[in-house]
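A short worksheet on the structure shown next.
Labels for the chains are A, B, C and D, by order of writing; each one numbers its residues from 1.
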Amino acid sequence: MVLETEKKQKKYKVIGTRPIRPDGLDKVTGRARFGADIDLPGMLHGAILRSPHAHAHIVRIDTSKAAALPGVKAVVTNADFPHVPAEELSLGEGAVNLVHLRQNVLAEDKVLYHGHAVAAVAATSAHIATEALRLIDVTYELLEPVLDVRDAMKQGSPILHADLRTRDMGKDGDIPSNIASHLHFELGDADHAFGEADVVIEREFTTRMVHQGYIEPHNATVSWDEDDHLTIWMSTQGAFNVRDQMARLLRLPVHNVRVVPMEIGGGFGGKISVYLPPVGAILSHKTGRPVKLVMNRTEVLEATGPTSGSYIKLKMGATKDGRLIAARGELAYEAGAFPGSPVGAGCMTMLGPYDIANATIDGYDVVVNKPRVAAYRAPGAPISAFACESVVDELAEQLGIDPLQFRLQNASKEGTRQLRGTTFPPIGNVAMIKAALASDHYNAPLEGPNRGRGVANGFWFNAGMQSSLNASVNGDGTVSLIEGNTDIGGTRASIAMQLAETLGIPMEAVRPTVVDTDSVGYNAVTGGSRITFASGWAAYECGMDIRRLMCARAAAIWDLGEDDVEYVDGVIRARKDAAKKFTFAELAGRINSTGAPIIGNASVSPQTVGGAFALHIADVEVDPETGKVQVLRYTAFQDPGTAIHPAYVEGQMQGGASQGIGWALNEEYYYNADGTLANASFLDYRMPTTLDLPMIDAVMVETPNPGHPYGVRGVGEVPIVPPLATIANAVYRATGVRFRDLPISPRRVLKETQGLE
Amino acid sequence: MAAVWIPPQLRYLTRGAERATVPGDTLRAVIDALDAAYPGLRDRLCEADEIRGHISIVVDGDVTQRGLTQPVRPDSEVQIIPAIAGG
Amino acid sequence: MSERVQIQATINGEPVQFLAEPRQSLLEALRDELGMTGAKEGCGNGNCGACNVILDGRLVDSCIVLAAEVEGRLLTTIEGIAQGNHLHPLQQAFLEEAALQCGVCTPGFIVAAKALLDRTPHPTEDQVRHWLAGNLCRCTGYDKIVRAVLRASESTEANA
Amino acid sequence: MQAIAYQSAKSIDEAVSVLRQWGERARVLSGGTDLIAQLREGRRHDVEVVLDIKSIPEARELRYSPGQGLYLGAAVPCYRIYEDAAIARAYPALADSAALIGGIQIQSRAAIGGNLCNASPAADAIPSLIALGATCEIAGPNGRRTLPVEQFCIGPGRSALEQNEFLVALRLPSPAAQSGSCFLRFIPRNEMDIAVANAAVALTLNPAKDRITAARVAIGAVAPTPLLVPEAAAALIGAPLTEATLERAAEAARAAARPITDMRGSIAQRRHLARVLTRRAIESAIQRAKES
């Protein structure tokens, strides 16, 4: 359902429609080529030996028996990598230290988590490669692991990295620490404001590591040629990022590395950093043959992706009349084995839905003996929103104000100053909350015992970054669009639609193709909710480029000045002579008989991302005897700016909501005391099934982003921000118990409601 | 003159000042002017001739993708924040 | 390298002979020996449904079937759902309902839904959800998938 | 995974001779949903031969008659049980188990016999088999023998099968008139999980349907093996159908449970669930008995 806050004239022809996606046919017939579907002549299969321990020195690795197994062609360890300097490498958003990246890909002198890669084999079959792993003899000297963020921050805790110092806005501490960085934000005067508050609530929250849970495991097939050219076929959110990471890690010129992005079976942020390609590269270099590596599910869960477990202490204050005036927060996020948790975004998004003048927030990025975290859909924001939206809910309750009304009267709007110091451009927060207040769901009675309704809001920045693409006009009036962004959720459609809109032609006349890193200009990752925004903007610029070229060509044909020709609704016409006009297809048919081919080019780095808000409503029922929570009804509201392809916007909203519901209820990394991960399978890492979710109603409340030619805001990430607190607030109303530790699993519900440990 | 918000951790360099107004039509010029007023600030923000990897600079509400060449207007607001990642 | 054995089966209506190692799963044989890569491996232990095929009329996870077990049996894979260039109503409904995002679970869902409609031509939403509970999708929240299956079930062709 | 050989036996004798030849290095494949996953995950390095018993007539036969009871071949997949209306009516707890093991895909292959032989403490079929009084038919080098199903599991993953023996079939007695049974399990999701706890109840009512004349109660995932709980049955037999009776039986199940804490559940949670599930299963079994 699309609700518009401004009466939008029917100004678009393509935007806002729901065409079939260009890559759909291949995906419903099984023809689409994903990374694991690659098969090359002479290809070897790789496998990786992983640490059974959470924290240990590697004393010795004996690969001789494995190397002797018939069919094994190479065995490698970290020592096979060239040395790299300890420099930062930008991953588009955020950065990674090259040494840490290399140590994560294959452990150097220490293993830092259960599942940490230690050695790798290439063999003539995948089965032989895994057999060979059992023949590699590794001697470990065990160290005490530290698994919880609060333990890791304590003095005297086991230290993961002897050289790690706490970084504080560009300045480093002087003693070894597991606290990789400390962030500090201040807005107004929180101390003073708390003195003026009538109601103050302070609570503590914890969350566990959770995984993105993409269905397709990581994969990479690498061919290192004799002339040091490297080709990588893989599943990645950012082919150019992979190219740059590989060039730096392997000390190769960038143009020696070509990355071919295959279809990608989900990423959610977890397929940006590299895991397999560097290993595949050194195996291929050693054997002179292409090497294919595909993770199994256990490897995916043990050694890739999760987002942080956390501890948050949050205090908020409000006046009697229901004004939020002060917040103080302390956020500690687990980074896993290497620095880089999303605590900064957690701090900066937490208060985004509110106009709150005084806040002091501290953030801590903390290493623990668990896998290095990766980005996960609005990284950091769901965790802090869980805390904030729980406290806000409790404040509203204490003040006797309806929880949505309370959110409305404190809602951030254009001009509201945020914690990071910036003010909001036009945003849709208020309109969205009003739509939720007026909705059928919020006004429907919820009857029956053990049921409750919860709401929560969420904010995410969205990202801009670099996009490049080009498009060729074909003789029959069709357009071939070349782009460099992996299409995870329908972006071929949303980009092609913006080009078609700009050109005034049907979407079906545009054929988009995602190409490799040698075949199009630089593109940043498919992430940060940026593709429909930024690559869509590039499509607009590219379309405008084509329009100019088409007008110039028509002017030449008619012997007019370029200014005498205009482009209106897909028709190129002389301004002063109604008889002189071409449809797009007519002029396209004359391109090659009148001059050079017409190719539009665009490269952009837009910044005016607009910001996105989501508000969710959930009804739940709790079985008081078993502690199980069933979601009965769920509605997601969101401001997409302009929904280019509304069906895929709804899909993002529904998908984000369901990931968040899983996070709230049953998903968690379960560690044994020795630091081994106990539930590294889809059997015991409990993502929602069809029976765990209701239909998820998606309501788009459009407030166009003035910073985009078509008003687009990113839509992919923000829908995962509110569900954690939405569910917790609903369970509170069903049980009378506030759940401040996730997940709200049956075990935890029984513990909190019946004292069953 | 552009208004620069000084993050709390760097205020020891600005003698406690939360805001500084400095001239400059690019981010580089703004940071140079800041460093002239408050020596040491540039080193905390930049490495070689680039913004440090873990720091983002926001000009008029948007995280700059253009680094030190980012244009700055006389009425611009500039914030210095930790870099963030998106998924 | 263990001894490869010869296996004969009927796949998507065609008699097929192939060689496979006894340790290879049916999924591995389809993908690596027969080049039929439509079925995907998502978990390798029967907990996600991405590898679904229909074996003698029953829906199975091909990752936990040995290739050697299919000797003499009938298989339908995602590659055999469309009739030539004519999409199955389920495939058409998945496209029109936008019931896929990344698309990696899609072949499994379509094969599973086909097995459902083959025996229950007009399922309720509950029946669809129950039948598809062995197939994981992480992108969609299942909403549009369930709608697509229900929509396809309204098509008379789906029951042909 | 290591190289293996695959053998499909056509008769019990052929299967026994393969087992005699390979001993511990052979494993029996019925549905394969546990075994193949274990092999692929590297948890069965010792296996060199997989012996498929699906082609042995006695292992794939499913036969029911009200007089003879149920003959359930060890390799019969789950769906054949719940899709057979007469069997599902006579042995509702067994049908409950068959419909709860895995998703549809798993039920196409997984066999009740295989579920038993895997001997998981949390197995979804075993409590039902115990409650319904099943007997195991076992073949081996010394011929055939039978064993009450509650004696089959002797530890997590360990069964009473002797070297070179295998399970051919299960026999379940015909239910008496006015009988009902039910199997329930608790999982955090609604599909694709291992039971945190489970319970099966089979009982018979008197002709007036106001008293229980016979009962068997079994619980799972709360001890190293699924447990028969005679104390729970004793609490039911002859007692009036009151809340207090049900609670006494449920409490007996709770008392019999001796679970562990692991990633799937805690000791306190499992004991509690043993009580809740037992009581709910009794209620459902009574209802089914009344409707039978």
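Keep in mind that, in the parts below, a contact is a pair of C-beta atoms (placed from the backbone, for glycine too) under 8 Å apart; a residue touches a chain by one contact, two chains touch by 3 or more.
Computed from a predicted structure; not experimentally measured.
K.L.:
For the chain pair with the highest number of C-beta contact pairs, give its two chain identifiers.
P.N.:
The largest set of C-beta contacts joins the chains A-C.
K.L.:
Calculate how many whole Å lie between the centre of subunit A and the centre of subunit B, each centre taken as the average of the chain's C-alpha atoms.
P.N.:
That gives a centre separation of 27 Å.
K.L.:
Measuring from the mean C-alpha position of subunit A to the mean C-alpha position of subunit D, what distance in angstrom results?
P.N.:
44
K.L.:
Where the centres are mean C-alpha positions, what is the separation of subunit B from subunit D, in Å?
P.N.:
A distance of 68 Å separates the two centres.
K.L.:
For subunit A, jot down the residues that touch at least 2 other chains.
P.N.:
Subunit A, residues with two or more chain partners: 127, 212, 267-268, 682-683, 688-691.
K.L.:
Which residue numbers or ranges of subunit B touch two or more of the other chains?
P.N.:
none
K.L.:
Of all residues in subunit D, which are in touch with two or more distinct other chains?
P.N.:
Touching at least two other chains: 1-3, 41, 190-192.
K.L.:
If we use the touch criterion from the header, which chain pairs count as touching?
P.N.:
All chain pairs meeting the touch criterion are A-B, A-C, A-D, C-D.
K.L.:
In the complex formed with subunit D, which residues of subunit A make contact?
P.N.:
127, 130-131, 134, 298, 625-628, 630, 665-666, 670, 678-679, 682-684, 686, 688-692, 745-747, 750-751, 754, 756-757
K.L.:
Show which residues of subunit B lie in contact with subunit A when the two form their complex.
P.N.:
5, 7-10, 43-45, 52-55, 58, 61-66, 77, 79-87
K.L.:
Using the touch rule from the top, collect the residues of subunit C that touch subunit A in their complex.
P.N.:
Contacts found on subunit C: 1, 21, 23-24, 31-32, 35-45, 47-48, 50, 77-79, 81-82, 87, 91, 94-98, 100-107, 110, 128-130, 132-146.
K.L.:
Using the touch definition up top, name the residues of subunit A that touch subunit B in the complex.
P.N.:
88-91, 93-95, 167-171, 181-186, 212, 267-270, 272, 340, 342, 344-345, 348, 363, 374-380, 420-425, 461-466, 525, 527-530, 605-609, 707, 717
K.L.:
Which of the residues in subunit C come into contact with subunit D in the complex?
P.N.:
Going by the criterion above, the answer is residues 1-3, 5, 21-23, 25, 44-47, 49, 52, 55, 58-61, 63-66, 68-69, 71, 112, 115, 131, 133-135.
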